[in-house]
Each structure stands twice: as C-alpha cells, then as structure tokens.
Amino acid sequence: MSVRILYFAGLREAFGCPGENLDLPAAVSNVGALRALLVAQGRDLLASAKNLRCAVNQEMAAADTPVADGDEVAFFPPVTGG
Amino acid sequence: MSVRILYFAGLREAFGCPGENLDLPAAVSNVGALRALLVAQGRDLLASAKNLRCAVNQEMAAADTPVADGDEVAFFPPVTGG
Amino acid sequence: MSIRIQEADFDLAAELAELRAGDPRIGALTSFVGFVRDINDGNSVSEMMLEHYPGMCEKALAEIVSAAKARWEIVGVRVIHRVGRLQPGDQVVLVAVTSAHRGAAFAACEFIMDYLKTRAPFWKRETTPNGAHWVDARESDDSAATRWTPDGHRQ
Amino acid sequence: MSIRIQEADFDLAAELAELRAGDPRIGALTSFVGFVRDINDGNSVSEMMLEHYPGMCEKALAEIVSAAKARWEIVGVRVIHRVGRLQPGDQVVLVAVTSAHRGAAFAACEFIMDYLKTRAPFWKRETTPNGAHWVDARESDDSAATRWTPDGHRQ
C-alpha cells in the first residue's frame, strides 16, 4: 500500500521537502499509526509539533481516520490565513 | 412662549405644510401637553398616528420632555431610512 | 469620522480608498452598501423618495458613530446616506469601518447600520403600481438595534 | 459563487461591481477586506509570505461558502485570497456577499471570514527585525468560528 505524504508551512521548512511517497506496512491503516511510523523514521517534529493537523484526501482528519492505498495525507500546523 | 413645530413624512404630507410657529399658553410645558393642544387645534393625525415620534431640539423626546421658549419640536412617524 | 447626507450618488471605490488612505495600522475594512430593490413586500417599486430631517440627521448619525467608537477600537468610519428621488438599483447608504482586527470592523459596521435604521430621521416613500405610500417601519429593525448590549456584544 | 486563490492583487471596486451586476433583487452588499499590517504582536513586519495547500484550499472555501448559502438567503458570494509574497498595506483577502436584506449579508460575510480563518489551509510567515517566523494561530480565531450555532445565529 502506497500513500503520498505532504508537509506544509513550518513542517515543510523543517523537513526541507514538500512531501514524500511511502509504502505502508499492512498494520498502518489510520492517521495515528501513520504519524507514529513517520516519527519512528525520524520525523520527530510530527511528535512534538503543537496542535498538529492532518488531512486525508484534502478533508480534515483525526487520529482514527482510515488511510488507504493511493491516499494523499497532509500534515500541517493550525491555519493562519485571512 | 413661542415654539417652532416641524412635521415630517406622512404628517407633513397630510397637513400640507412642513411646520408652524406657535405661541404656547403657560400651562403647556411639555411634549404631551403640546401634542394635546395641537390635536385640539385640529391636527387630529397627531392623536391617531401609530407610534408617533417626537424630537425636541433635534433630540428624541418623550411625553414628559419639557418644552421651553424658542424650542424646535418635531413630530414624525418611526424612521425608515437605510 | 466622515458623515454625509446628499442627493448625489457616491463612488464606492473612491470612498473606500479614501477611508483606507494607506494607513498601515489598518488590518480590516468592512463595508455595507444598501440599494433600492425593485420589489418590496411583494410590490414592484418604480421610484423611492427619501425625506430627512436636516440637522437632526447629522446629529443622530454623529452620535451613533461616537457610540461605535466608544465600544470598539476602530481607525476610521465613513457614513453616506442619500436623500431625494432614487430608482431601483440605486445606492442608498454606505457604512464603512476600518480597524486593526476584523471583529471590531464587522461589529461596528453592523451596529451603525442597526442604529441608523431605527434612530436616524430618514423616511422612505415608495411608488408602486398602487400609487405612492410611506414605507412602514419594520419590527425586525427595532429588534436588530436592541440586541446590542452596553458592553458591545450581541444578544 | 466565485472563489479564487491567486498571487495577483485584486481590484476591489471591479470585484464588488461585478458581484452586484445590476441585479435588482439585491438590497445589501457587505464586504470585508483584510490587509497586511505593519505591526503584528508588537513587531514591525517588513514582509509577509502566504503559503497554501492547493486543491484543499479551494475545496475548503467552497464548503464554507456552501454552508453559508444553506444558512442564509444570499444572492451572490465572492471570495479572493492571495498567496505568495506580500508587503504591509497589501490586500490579502476579500469576502463579499449580496442579499435582499442586510442581516443575511452581514452574517454570511462574517461567518465565511470566521471559518476561512480556522478551516482554510493557508499559513503566514512574517519577516520582522528578528527574522522570519511562522505566525501562530490565534485562540480568538477558534472561538470566533465556534460561536456560530447550527441554526445560523451567534452565541
């Protein structure tokens, strides 16, 4: 199962990249598990970031939101537009 | 004691005049008494008008607002601007 | 503050640009424009005549704007109200407010409109196929003005 | 509805004129414009960079506008949000709403701004004498969005 990960704002800047493609083990089937996997792979900021937000396929998501093959999963800080 | 009376909107139209100067008897010392005097003089609409408003010297007034020599007293319907 | 009562139309773009006037403290500009509608209470309107009480209108509007300035931190205010004969589609009124933050700009702009509708001595007479008649005040306008509590919040 | 995300500036007067487009049902036009301020949280700002999530931004704004249309009787809506590098004094965002009556126009315009501030994926990075940093979200923006109850009133 493969997903597209996107990072925005401070996360994008800290990681030095706008995103990455990731092959997921079968056990990783929701946002919370995916976040833990990324932290384990060295994306520490995903653990420490204050009020981290996540969207799956461009809809706001929670830790228990399912993640499926081909999904676009974005991590970002609280929004500050307007 | 002399006052300047002003009429606006439907009152002005019904009376066919924008106002009148009036010499008041000493007993007429507030808005309520002035209104009663005008009604007695034939301005019936000031008795029957729905939600009649009054201003003394361009400030909203009530029946017990005093009326003094030289005042400008206006009668008009509820406002409908904007 | 700038308050004007006039027969002439106004240029919305020019009024808003002047109100801003490049003041870098301004983070928010809220504006309201009211127009003559072609239908009111189910009747088609061919003309609108706006009468006012000269002197008291200016005074009432200045008091309303002062009350808004006392309640909210605002940078500038512009109020224009037209009088005389207007046609459907014509601009009737402009209320525009600038401030550092949007909350104050929205609240002050709506507050000024709500009070203008119930406190400023203007009267509308509209011409419909049934003839000309003076527009009745709306109960909803009174309740819109009374929802503002003294501390600047809405009920 | 018209929703645009763009680097280019917008002409406020032209946008408002287009939104009205002589529709005689329109009695009210409410608009909000947000600007880059020269001071934020006490620091002088020399530049503002706006990043966004392409695709999701358009989707989020369309959902916010649809929610406003479901709550209030509105005729038209226009939302423009700029991205990229901006300077103090620059226009950042426009929300404009037309309707028959002012209550709906005011409420829908403020509702859209409140939700845009908390739901649309834009992020600001400002440059001050201390360097560039990402702007923190405001608690007051969250509370502004949550005051809107499902029936369209404000708490």
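A, B, C and D are the chain letters, set down in written order, and residue numbers restart from 1 in every chain.
Note that a residue touches a chain if its C-beta (ideal position, glycine included) is under 8 Å from a C-beta of that chain, and two chains touch if they have at least 3 such contacts.
Keep in mind it's a predicted model, so treat the numbers as computed, not measured.
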| item | value |
| --- | --- |
| Smallest count of steps, each to a touching chain, taking chain B to chain D | 2 |
| Those chains which touch chain C and also touch chain A | D |
| Inter-centroid spacing, chain D versus chain A (mean Cα positions, whole Å) | 26 |
| Centre-of-Cα separation between chain B and chain A, whole angstrom | 72 |
| Where chain C and chain D are represented by their mean Cα positions, the distance between them in whole Å | 22 |
| Residues of chain A engaged with two or more neighbouring chains | 82 |
| Residue list for chain C, restricted to those that touch at least two other chains | 34, 102, 113 |
| All chain pairs that touch each other | A-D, B-C, C-D |
| Chain D partner contacts - residues on chain C that touch it in the complex | 12-13, 16, 20, 22, 24-39, 88-89, 100, 102-103, 105-106, 109-110, 113, 140, 144, 154 |
| Parts of chain B lying in touch with chain C, wherever the complex brings them together | 6, 8-10, 12-13, 51, 55, 58-60, 74, 76-82 |
| Complex contact set, residues of chain D against chain A | 34, 50-53, 55-56, 59-60, 81, 92-93, 113, 116-125, 134-138, 141 |
